[in-house]
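Chain naming follows the written order as A, B, C and D, and within any one chain the residues start at number 1.
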Amino acid sequence: MINRRYYGQFGGAYIPEILVSTFDHLVSAFEEAKNDPGFWQEYEEIMSTYSCRPTPITFAENLTRHFGGARIFIKREDLNHTGAHKANNVMGQGLLVKRMRKSRVIAETGAGQHGVATATMAARFGFKCTIYMGEVDVVRQSPNVFWMERLGAEVIPVKDGTRILKDAINEAFRDWVTNMDDTHYVLGTACGPHPFPEMVSYFQSIIGREARRQILERESRLPSGVYACVGGGSNAMGIFSGFFDDPVELVGVEAGGEGLETGRHASRLASSDGTVGVAQGYKTCFLQDSDGQMKETHSVAAGLDYVGVSPILASLRDKGRVRFEATTNSEVLDAMSFTLKKEGLIPALESAHAFAQAFKEVPDLKQDDIILINQSGRGDKDIFTIADAFADPKWQEFIRKKAEEYRA
Amino acid sequence: MINRRYYGQFGGAYIPEILVSTFDHLVSAFEEAKNDPGFWQEYEEIMSTYSCRPTPITFAENLTRHFGGARIFIKREDLNHTGAHKANNVMGQGLLVKRMRKSRVIAETGAGQHGVATATMAARFGFKCTIYMGEVDVVRQSPNVFWMERLGAEVIPVKDGTRILKDAINEAFRDWVTNMDDTHYVLGTACGPHPFPEMVSYFQSIIGREARRQILERESRLPSGVYACVGGGSNAMGIFSGFFDDPVELVGVEAGGEGLETGRHASRLASSDGTVGVAQGYKTCFLQDSDGQMKETHSVAAGLDYVGVSPILASLRDKGRVRFEATTNSEVLDAMSFTLKKEGLIPALESAHAFAQAFKEVPDLKQDDIILINQSGRGDKDIFTIADAFADPKWQEFIRKKAEEYRA
Amino acid sequence: MLEAYIRNRLKEKEILLMTHIVLGYPSFEDSFRIIEAMVEAGVDLMELQIPFSEPIADGPVILRANQRALHQGATVEGCLDLAQRVAETFDISFLVMTYYNIAFRYGERRFVTAMAEKALRGAIIPDLPPEEGQEFLEAMVEHDVAPVLIFSPLTSNERMEYLSAFARGFVYCVARKGVTGANTDFSRELESYLSRCRKATSLPLALGFGIKEKADIDFLKGKADIAVIGTQTIRIVEKEGVASVGGFIRSLR
Amino acid sequence: MLEAYIRNRLKEKEILLMTHIVLGYPSFEDSFRIIEAMVEAGVDLMELQIPFSEPIADGPVILRANQRALHQGATVEGCLDLAQRVAETFDISFLVMTYYNIAFRYGERRFVTAMAEKALRGAIIPDLPPEEGQEFLEAMVEHDVAPVLIFSPLTSNERMEYLSAFARGFVYCVARKGVTGANTDFSRELESYLSRCRKATSLPLALGFGIKEKADIDFLKGKADIAVIGTQTIRIVEKEGVASVGGFIRSLR
C-alpha cells in the first residue's frame, strides 16, 4: 500500500506501479531513520566535519546602514562544502542510502550544484554515481560537468524534451524504474512524490534550526521576516521550517525572469500563471498550458528555472503562511553587484533573488526590526552566467584568448 | 629607530628610508593589538561570523583505508569565505587598518586568491582597494580578476619584470612609498620586512590553534606529522605554529615544478638551489643567480610560484624543526584527482602539494599514527588551470563555443 | 463492455493482439492510416496515447513520439476527435492511454464522459495508482469505461489483489522493470510471474513491454490473453513507413 | 676623499650637479659615451647604478633600464669594470648606486675593497638602513668609500642625527615621497625640509627626485649643495639619443 502525503490539496505520490515497492521501502527507511535518535546526531556530525555546519549568520552592517531600515542578517549556506545548501540534502540522503544498503546513486541537476554535491557525496560514501543533466544545462554549466566527472560521476546529457531540469528529472526516473534494486534516486529539491518533499525538507531543516538558535543567541529576539529564493523550494523550506511556529513573516522569492507580464519567468506561486497539475509524480502548481502540457520557464538562475514547486510551499501559500514574490533578472543582477561591493559577499544568482526582494522591503521596516536572508549558495561557480549577464568585456577577451590556445 | 626581527640569520627589514616611519607605526599598532586581550577576541568573532571558523577537520576514511598507514585528517581551510586560508590574514590586517585609521588598502596577488580575499575585506570594511597583479597572472587567473573588480577593487596589471607575483610585490611597495599616509599594504604571506612575517603568521596561527584542539578532542592524542604546502609560507606557519612545542613532525611541501633536476621549480628550501639573499625587504633563501638576480620560478600552482619564502620557515629548516620536501606538477595532479574521487574533496593545486607528499609517506607510518594535512584552499577557483593541466577535451570544446558566442 | 469483448474474441483466437500508437505522430492523418492498417491486419485492441510533455514511464522511442506530436500541435481535443472517429469507423475496442495530468486538467468527470461518448472502452493511466485515483477510476466504471490497472513483477500478491479490485476489462502486466522499448527475456521467471497474476485476478491478462516478434507471442500463448506490441510498431513506421505496418502485424500470427 | 672633493668644487660653483645612469643600459658602450658626454658637459658627480632584478625604490623609467641592462647580459663584474674604466679616465667622482643584495651576494668586504680599488668614491644603497648594514657601512669608511645615506621628508630629526653618524661624503635628501621619476614641486615645504636636513648634519646636502630643468636647480641654489638629475637624463637618452645628453646638461647651468 503506497504511502502518500498531502499538504492541503498538494503532494501525493503519482508513481508507476513498478516503483511502488521502491517507494514503500524508501518511506519506511526514512521513517525508521527519523525515529532513530542516533540518526540526526550522525547527520549533524557529518555535516559539522565534512562541511562546516553550523554555518554562521553574518550581520550585514553596510547594507543595513545603506537601507536605513531593519537590521539585515544573512544565513551563510554558501560556506557549505561545494558552495550551497544542496550539501545538506545529499549528505542526509547518503546516510539513508547506506542504511538501505544500496550501492549506486543517481540524480538530476539543473545548475549543476546538486550534481556536484551528489558526486562528492557518492565519492565520500563510495557509491557509483550517475548524474542526468539537460543538454542545455550541460552547455551553460560546463564547469560543474567538469567537476562531476573529476569526482568520478558519469554525467549523461538529456537530449529529450526541453533538455533542462525537468527533463533530467524524467530521465532519472526512467533510470530508477530499471535499477531500483541497487540504486537510490537522490532528488535535489523538496519536490517529487512522497517522501521526497518531506525528506528533503527534513534534511534542510538544519538551516532553520541553526538560524533560529543563532539569531536568538545573538539578538535575543526573532527576526520579523525571513527571505529565501524558491526553485524547487528546498532552501526555503529549510530556513522557513525553523520559524513556522513563530510570529515571523516568511517570504519566498521566485524567478521573475524577464518580468511576470512577459510570461518569460519561472514564477509558479507569485504569478497568476501557475495552475494545479500533476507531473513528475506529485501534485502542485505548475506552469502549464490549458491541456496540461508543461511550459518552458525562464530565469537567469538555472537553479530556479523549473516548472514545479514544493507541494508544501504551495499549501503554505494557500494557508497564507508564506508570502511569495518574484524578482526580475535585472533586479537580481543589481542586488548581486550591490552585495558584492557593500559586504564582500558573493551570493549565487539563485540566492540573489532573496536579496533583491529583501532590498525592496527593508527600507520600510522599523530600525529595530531584524530580517534574515538565506544565502543559499555562492556565486563563484556561476562565473560564466554572471560574466555573461554583465557582458564583461575583459572576461570575453580572456575566453577568446583561451579558445585560441585550444585551437592551436 | 627601525624595528627589525631576525629568525636565525633570516628576516630583518631592508626598507627605503621613506618607509621607516610607516613601518614604525605599523609595528607599534601590531604590538598594541597583540597586547590588547580584546583584539584576538574581535578577530575570532569576525572569523566565526564572516567566515566559518573554526573550520572543521575531516577524517579521510577512504584515503586512510587505501594507503593502509596512518589515519589521515584534513584541516579544511578550503571552507573559508573566498575559499582559502588567505581570508584569515586579510581580515586580521583589516582590523589593524581600522585601528590605524587608514582608508585604503593595496595588495599583491599571484593566484588571485589573496587579491579576492583582500577585495572582500576592503568591501566589508569600506576601504578603497587596489590590487597589483603580474600581467602573466592577470591572464591565467582571469576569473579572480573578474571577482576583484566586481567587488569594487581596482586591479592593476604589472607589466614590468617577469610580470608575476614578485613583480606585483615590488609594484605594491612603489605605491606604498607614495601613499603610506592613508594606505596600508596588505602583504599576503609570511614574507617581507618585519613585522609582516610575524604578523601574517600570528593571524594564520588560528589554523594551528584550532587544529590542535580539534585533533585532541577527537582523537585524544596528537598527530605524528603535519603537512602543509609552502609558497610564501603563511598557511604552513599557521598550522605548524599550533604544534611547535609538541613532538610532532612538521613537513613543508614546496613546488617541485617539472622536477628539481630540471631547475624549473619553485623550491627554495627543499632543493639545493636556494641561496641566502636580500630582496623585497627581507633576508631569506631565494632562487637567484650568482650575481644576486632573482630567477624565474615554475609551478602548476600560481600560489607557490614565488622566489622567496618566509624567513621564519627558512630558520626552522636550519634548526631542523621543519622538514622540507618538493613534489612535481604531475605528482600533484595525480594526488588531486585521487582526492576528488576518494573523498569528494577538491583541494586547490597549492594544497594538493601537501596531499601528494603525505601520500608518499603515509603507507610507511603505523596504523595508529595520525597525520594532519592542511587543505589551504579549494580547487574550484583553479578550474582553468586544472582543466588545462588535465587537457580536458570537453572543457576546451565548451570554451571554444563560448568564444564563438562572444565573437558573434 | 471490454471484458466481454475480449472473452468473445478469445473464443476464436488463442491470444489477442493489442497495439499502441501515439495520436498525432507522425501526424493525425498518419495515425488514422496506421490504425486502419492495424485493424485490417487483425489487431484486436488498440491503445491510443494522448501525448504528454512529461511521459516518465515511457522509453526514448515513445517519449520522442509524444514530443513530436505535441511539437506538431497535437491537442487533447484533437486526439479525442481522432479517437472518436476511429472508434466509430472500426469495430475493435480502443482504449485511451495517457498520463494523469491530461485527464486532471481536462476535468476528471468531463474526461470520463468524453471517453464514454466517444465509444472508448477503457483507459490506461500509468502514473495513477488507485490510492490517488479512486474517484476517477470509479467514475470510469460507472460510465462503462474500463479502468485498466497495471501489475508489475515487483507487485506483491496482496497488492495485486488490492489493484484488481479496481480493475475492469483486463489487467496490464508489465513484463519487467524499466520503461517501454527495452528488451525483455521471455523466461520461466516471466511464466511464474504471469501465474502469480492469474491467481490475483479473474480478469484477462495482457502482457506488455518488449514484445517484438512472433516467437515472443508464441511463448505467451496459454500464459497471457493479450500480447501488447507498443514501441516496435512505432519503430516499424519510423523505419519502413506506414505501409509496412500491416505486414508486420500479420507476421506476428 | 669625497667630502673634500665636493667642498673644493663648491668653491667655484654655487651648486654641483650629480647625474645618475644605469650601467649597461642601453649598452656598456653607450653607458661609456653617456658618461663621457656628461663629464664634458660639466657634471661634478655621477651615480653608477649596478642593475638589480628587484629595484623597489625606483620608478618605471629606471626600473625598465635595470631590466633591459640585465636582459642584455649586464653582470656585476662587467659593471664594476666599466666603473673602474670611467673612474680612471675622467677626473670627477663616481659613486656606486645599487641594492643591497648585489653587495651581499658579491661579499660585503669584497665589494668594498673592489669599490676602493676601482677608485669609486662612495656608495648609495637605498634598501640598506644602517640598522641592517652597520658593518658594511663601517667597512666602507675604513676603505675611504663614502657611505652615502638618505634622508626623507618623513625622517624625524632624531633619526636624521642617527643616520648622519654613519654618513660620509654627503647626505642624499629625497625631495618627496614616492619613487624616482615622478614630479616634485619645489616649494617652501621643500625649503624647510632642507633646513631640517642642514641642522642634522654638517655634510654637504644632495637633493634628488624629480629635478628636470634649470628652474629647479636655480631654486635649490643656496639650499642644497648638489642637485641630482636621475630619471630625466635617461628619458633624454631614450627620446633624443646619447648625442643630446651634453646639451641637456649644459642647459641646466
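What we mean here is this: contacts are C-beta pairs under 8 Å (C-beta built on N, C-alpha and C of every residue); 3 or more make two chains touch, one makes a residue touch a chain.
If you're wondering where the values come from, they're calculated on a predicted model, not measured in any experiment.
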item	value
Euclidean distance of C-alpha centroids - subunit B vs subunit C, Å	66
Between subunit A and subunit B, centroid-to-centroid distance (C-alpha), Å	33
Distance between chain centroids, defined by C-alpha means - subunit A, subunit C (Å)	38
Centre-of-Cα separation between subunit D and subunit C, whole angstrom	98
Chain contact topology (line, ring, star, complete or other)	line
Pairs of chains in contact (touch as defined earlier), listed by label	A-B, A-C, B-D
Of subunit B, residues touching subunit A in the complex	48-52, 55-59, 62, 76, 79, 81-83, 119-124, 126, 139, 142-143, 145-147, 149-152, 337, 340-346, 380-381, 383-384, 386-387, 390, 392, 394-396, 398-404, 406-407
Contact footprint of subunit A on subunit C as seen in their complex	52-57, 59-60, 63-64, 67, 70, 75-76, 99-102, 104-106, 126-129, 131-132, 149-152, 154-156, 159, 162-163, 174, 177-179, 182
List of subunit A residues in touch with subunit C within their complex	1-2, 4, 12-18, 20-22, 160-161, 166, 170, 173-174, 177-180, 275, 277-281, 288, 290-294
